[in-house]
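Common to both upcoming complexes is subunit A, partnered first by subunit B, then by subunit C.
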Partner chain A sequence: MTIAPKAARKLTMKQRYSALTRDLDWEPSYVPAEELFPYTRFEGIKIHDWSKWEDPFRLTVDAYAKYQAEKDKRLYAVLDGFAQSQGHLSLTDASYLNAMKLFLQGVTPLEYQAHRNFAYLSRHLNGPGPRFASLCQSLDEMRHAQTEIHTLSNYNKYYSGFHDYLHMHDRVWYLSVPKSFFDDALSAGPFEFLIAIGFSFEYLLTNLLFVPFMSGASFNGDLPTMTFGFSAQSDESRHMTLGLEAIKFLLEQDEDNVPIVQHWIDKWFWRGYRVTALVAQMLDYMLPRKVMSWKEAFELYFEQQMLGGLFQDLAFYGIRPPRDVEKAIQEKDYISHQAYWILYQFSHAAAFTTSVPSDEHLDWLEEQYPDTFPTYRKLWDKERKNVENGGRHFVRGLPQLCQVCQIPMGFTEADDPFIQCQRETIFEGERYNFCSDGCKNIFDHEPVKFRQSWLPVHQIYQGNCGAADLPGVLQWYGMQPGDGGEYLGSVDHENWLAWHDMAETTGGN
Partner chain B sequence: MTTTTPAARPVGVDIQESESNRAVIEAIEADNPEATVRHMPGMVRVQVPGKLVINRESVEERLGREWETHEFQLAIISYFGHIKEWDDDEIVIAWDH
Partner chain C sequence: MQFELRTQVIEPTRKTFSHLVRRYGDRPASRYEEGTIDLQAVTNFHYRPLWDPSREIYSPDYSVLKLTDVYAYTDPRQFYYAPYVTARADLHEAFGSTLDYLEKRGMFDRLPPAWSSLVQDILLPLRHYEAAAQMISSAAARFGWGATITQCAAYAAFDRIGNAQMLSRVGISFGGGSADCLDLAKTAWIEADTWQPLRKLVEETLAERDWGKALIALDTMDRVLYTLFYTHLDDVAIASGAGSYSLVAQHFSSWFADQRRWLDALIKAWVADPEHGATNAAAISQTALAALGEIHEALCPVASAADALIDDNCHITLDTTVAQVRDAYAALGVNLEA
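Entry: the complex of A and B
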């Protein structure tokens, strides 16, 4: 096959990048550089030459706008087609949308916060390379927040739990897990933020966070979510590059940066990993049609790619794998079961529903987790009897929360599924509780920061959540009847059955 | 964790499964004889030991039209490894150390 010869380009990609991104920078002469960039010294990171920052994407403003516009066009064509064809009726089941409710309430607001902080970096980093990469990422994150809201707004017309997600994000107990994670990063310095979000979140854990949601969408008939997911992920590969360049740049600039960066990797691996407990239970319990188990995803995306690939590369700089990584590997066999059990018992106070897994589902779980699941299966067998006797289990009290990750203290010791893991630190006469050594280590390093945690349970007891009783607190959360509780017999379930009966009757005519 | 050389450690990309991306995947397979391809819901994962190369000319041959390497941004979902090179003619993913 022959192709018409290309018209000669005036500049190569490298030259264009150099001219349009790097050359637009200037040396300040009216004020000292320290005054122009006041935030890049207080964390102890030493940078000697900002021009050493590499951007392999060599992105320029015109190329950025051209390809982002094309991505949006493709997405909105899918959204329109899905809405026009009543696509929501072809989902596997209405219960699938619980995963998307969790996504909209828990993840979408983080995209907006990422937009804000990358906008800040695009002003305050000294070098033009990282400033421009941050600017692109800031715009990407805004695009992600907007496209996710647009995509999921179609479901809000028919299903509960999609309204008031921003209001809920700031108030609801289980959403304080992702919110406090991101607030921790936003309140850190610019370099810690780069390692926290750019590296740990975007490079180390992004595949565990997003790819399971998107493959789950693909398998369960949710075309729009799959499309926005892949559209967002295509930006994500640039974000991964920014994170990887950031860490290599810091490590190459000065040896004194190595221990600081190592501590941030230790901290932010564990912080991010704890947030993925929500993804773990989603993968194993919330998808009517399964993609892969959490255990398999963890092995593929984390153990093989990150421990087997990335950390061997970083060993060159004297960086070792994150401190508590062995614990995370142990937990892959049981974390999803314990996380879903927590959500199951408290879903009357949530904006998603839960239910006892079906026999087929329990069999699948046992196949995936032959060593650990038999213990949890007994729990579900018992709960099924409760349900048959009209006693579906909801916890009426309030749980103790981990001071750092804010997850209810329901995780156990790795070697005993019946002993709750609890660690504590006494700081200035007050006792603080943690779900794990990982969270305790983080607190012990920054007790003054983490004693300020906005813990939803404490806030209820202190009278800051609208009321002292459950209905009052749920109202303050912005929840409506039908948002939470048991899935079977819920508003979404009843509607789903009615719409499908109706479709069958009409089809019979 | 066993230590392996950068030449042996796998690198790879996840690509959206679509009509136009098929040419990109075929080009990668042709230019990287050791590539393994795994199909997952909505996407294709291509993995190669040590180094993965995407050549503009190979993609253009299969696509039957001009293709800028920037266009790969529309195809990629995720990758592992380090982007060593991304210029007008090729994209190279490999580990550094």
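Entry: the complex of A and C
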């Protein structure tokens, strides 16, 4: 019989947290550890002591449930109020919702993917500390997927483009950019996933990938999305500390991990950065009321905070900035213009609309990009004449896609805005095309993986997308009239004008 | 007089998302449905996993248990994240109040000595069982097919680590604020003969790669274990003046009732499946039968240890419980006759 000792040593907060989390673990002895944790050896990462993992946050299940329930209660109250009061009418313009269409179609499914794979880490990492941290993040990611859906659900009731986002995420050409990015992470091993998503996506690039949508919302009267953004903030800061702890832990465990991690940083910086091309054009072209230019965002959130801060710290471990970072810095002056130009021409096959920027908008772009924008402005001046003559430009053919990032090959060489950048690799007798050295480097390191890419254009030509003609493919995509094309005169635009006329005549709004 | 608030009325163009209209018809959808149905990608995956190139990132083939239409199954509790965390905030708040009360009144010190030993030797080691249950549930959350099932499994995983933490908090409280009693319980789990058959069974279940079979095995073990420790011993505790054991146990038995709701519905759906029903029933039967035999055997030394302490009939209850679990499976359409 055991009697509880009196006047025992009280636990510190850290000891208590440890007793409630990592102390639950034990060394298996009936089944070999390699059989219980089969996936933590093949990547070559060496972990000698899992107990050296520093808990990135100390949240127990009871505290987690309490905080999160309170946050959700507040968030859903805002969503309900906004819906009840027809809050969508106080957006800056219906065209603002193009940013949110892109978000629901492109980002929300990724939150769900993260939910599933952090569950994988919460089972398959050997250490109980990172397992529990991953478990919390897995739940958070489910929260984000669902609260995003519920936040944007009300817009779906009144506006086009939102209605079939899951079906489209698995099929539509521009959505294969974010989908292939996350599929790449899920099909990697647990350590690469930690660097790809935990570190690179959630820490290195989060202010360029996720936050711009939330800032755009707050500048454009989108109270629900802004509230969601604030509500997700404390979750995100936990995710950031997890990502940072993950990289430090891997680097500190063994020197041999350094080159492996360096390669993953190189790879996932470029992978993530290419996805931000969609964010860049959103910031510069899709927001009726601008937050900041892509260039400004890139300089602040990446060059200053990451290159000037984080990578100075990581140098201590022998980690250098990502390999192709110079190219990304060069591109900050033009990537958004090229990305939007691609989307502008192909929006008849997309679930968002595009339009020629207004004069005021063009002036703003020229102020932001004095060195490069004059070239692109000429393009828009010409296009405006086309529109005036009834010839709004849509590309009727199908573009060649980069084998890795899957963006149509419309980016140019840094020193010449008229020369398309194209790289290639021959692998086992087949030619593969890339938009950049960054993407080519990624392919060359893992050709067996990246030759598998489900390239939407190839798939159309192979007859796997419902039909051989555009209307047939759009039907297979799940597109409805009003989802894509030109904004002016679109279903959303017409409705917006009618609703606001109605508001004026009834004295509402 | 009526309260007349004038608002601008705009008829919505759509009631909900297209994938829900295709499934349920043109009607408004619930937040559970919008947040769950079809959420997982099912097609056009880009790359095969490096850790298992024989399968897709998501695939029904990670288990022998399959549903023809996976979204024919929904969680009877309709839990999406917000109601889930709200329900669990309530559960943990109630548990916290219990623990406050027990501490304030020095209730653990007032336990009859035999029950004090039972808490130390039998109750506290179960926190390790719960931790393993989290991992088994997390595997189902990753490898399951379809967001309704995996969502239930993900919440169950978090529940299990929550249960482990509740037991740990009991241990800390019981140890007067130190981790000494938890340390003793851990040593017992790893070394004491009483616990080795159960620990072996748990480790073997963790090694099961088929998430569906692992879930069935775990659930079979849970059915016996929860009945014995949190229902039966709860009754005995009340009769024996060990009220604090009962106050703790109630939170676990009410959690388990909630857990049963989604799992029983899932087992029913598996067995009733038009295409895979027979295969599912056979696999569930085989897995549950084996697990039931093993948990029966593994808990024998634990029941003996309990009987030695509190002079009860845990052994007989164990046998009865095993028979009841057979009946419970039969009621779900799974025959467990060897």
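Simple rule for what comes next: the second predicted complex is superposed on the first by the 494 of 509 C-alpha atoms of A that agree within 3 Å, B and C clash if a C-alpha of one lies under 4 Å from a C-alpha of the other, contacts with A are read in each partner's own complex, and residues count from 1 in each chain.
In the analysis below, a residue touches a chain if its C-beta (ideal position, glycine included) is under 8 Å from a C-beta of that chain, and two chains touch if they have at least 3 such contacts.
Given the structure is predicted, the values throughout are model-derived calculations rather than measurements.
Between subunit B and subunit C, it is C that contacts the larger number of residues in subunit A. When the two complexes are overlaid on their common chain A, residue A:188 makes contact with subunit C while staying clear of subunit B. In the superposition on chain A, contact of A:122 is made with subunit C only, not with subunit B.
In the superposed model, A:163 makes contact with subunit C only, not with subunit B. In the overlay built on the shared chain, the residue A:396 is in contact with neither subunit B nor subunit C.
Judged by the touch definition given at the top, the superposed model places A:312 against subunit B, while subunit C stays out of reach.
Once the two complexes are overlaid on the shared chain, A:431 sits clear of subunit B and of subunit C alike.
Once the two complexes are laid over each other on the shared chain, residue contacts for A:76 go to subunit C alone; subunit B is not touched. Once the two complexes are overlaid on chain A, the subunit A residues touched by subunit B in the first and by subunit C in the second are 1, 3, 6, 9, 66, 70. Those residues of subunit A that touch subunit B in the shared complex are 1, 3, 6, 9, 12-14, 56-58, 63, 66-67, 70-71, 206-207, 211, 214-215, 218-219, 226, 230, 233-234, 236-238, 240-241, 244, 248, 291, 304-313, 315-316, 321.
By the touch criterion given at the top, residues 1-11, 15-16, 19-21, 23-31, 35-36, 38-39, 42, 60-62, 64-66, 68-70, 72-73, 76, 85-86, 89, 109, 112-113, 115-117, 119-120, 122-124, 128, 131-132, 135, 138-139, 142-143, 145-147, 149-150, 153, 156-159, 162-167, 169-171, 176, 179-180, 183-184, 186-189, 449-450, 452-454, 459, 478, 480, 495, 499, 502-503, 506, 508-509 of subunit A touch subunit C in their complex.
For subunit B in complex with subunit A, the touching residues are 1, 3-4, 6, 9-11, 14, 16, 40-43, 60-61, 64-66, 69-71, 73-88, 95-97. Residue ranges on subunit C touching subunit A, taken from their complex, read 6-8, 10, 12-19, 31, 34-36, 38-51, 57-58, 80-82, 85-86, 88-89, 91-93, 95-96, 108-109, 113-114, 116-117, 120-121, 127-128, 130-131, 134-135, 138-139, 141-143, 147, 150-151, 154-155, 157-158, 161-162, 164-165, 168-169, 171-172, 174-182, 184, 186, 189-190, 199-200, 203-204, 206-207, 309.
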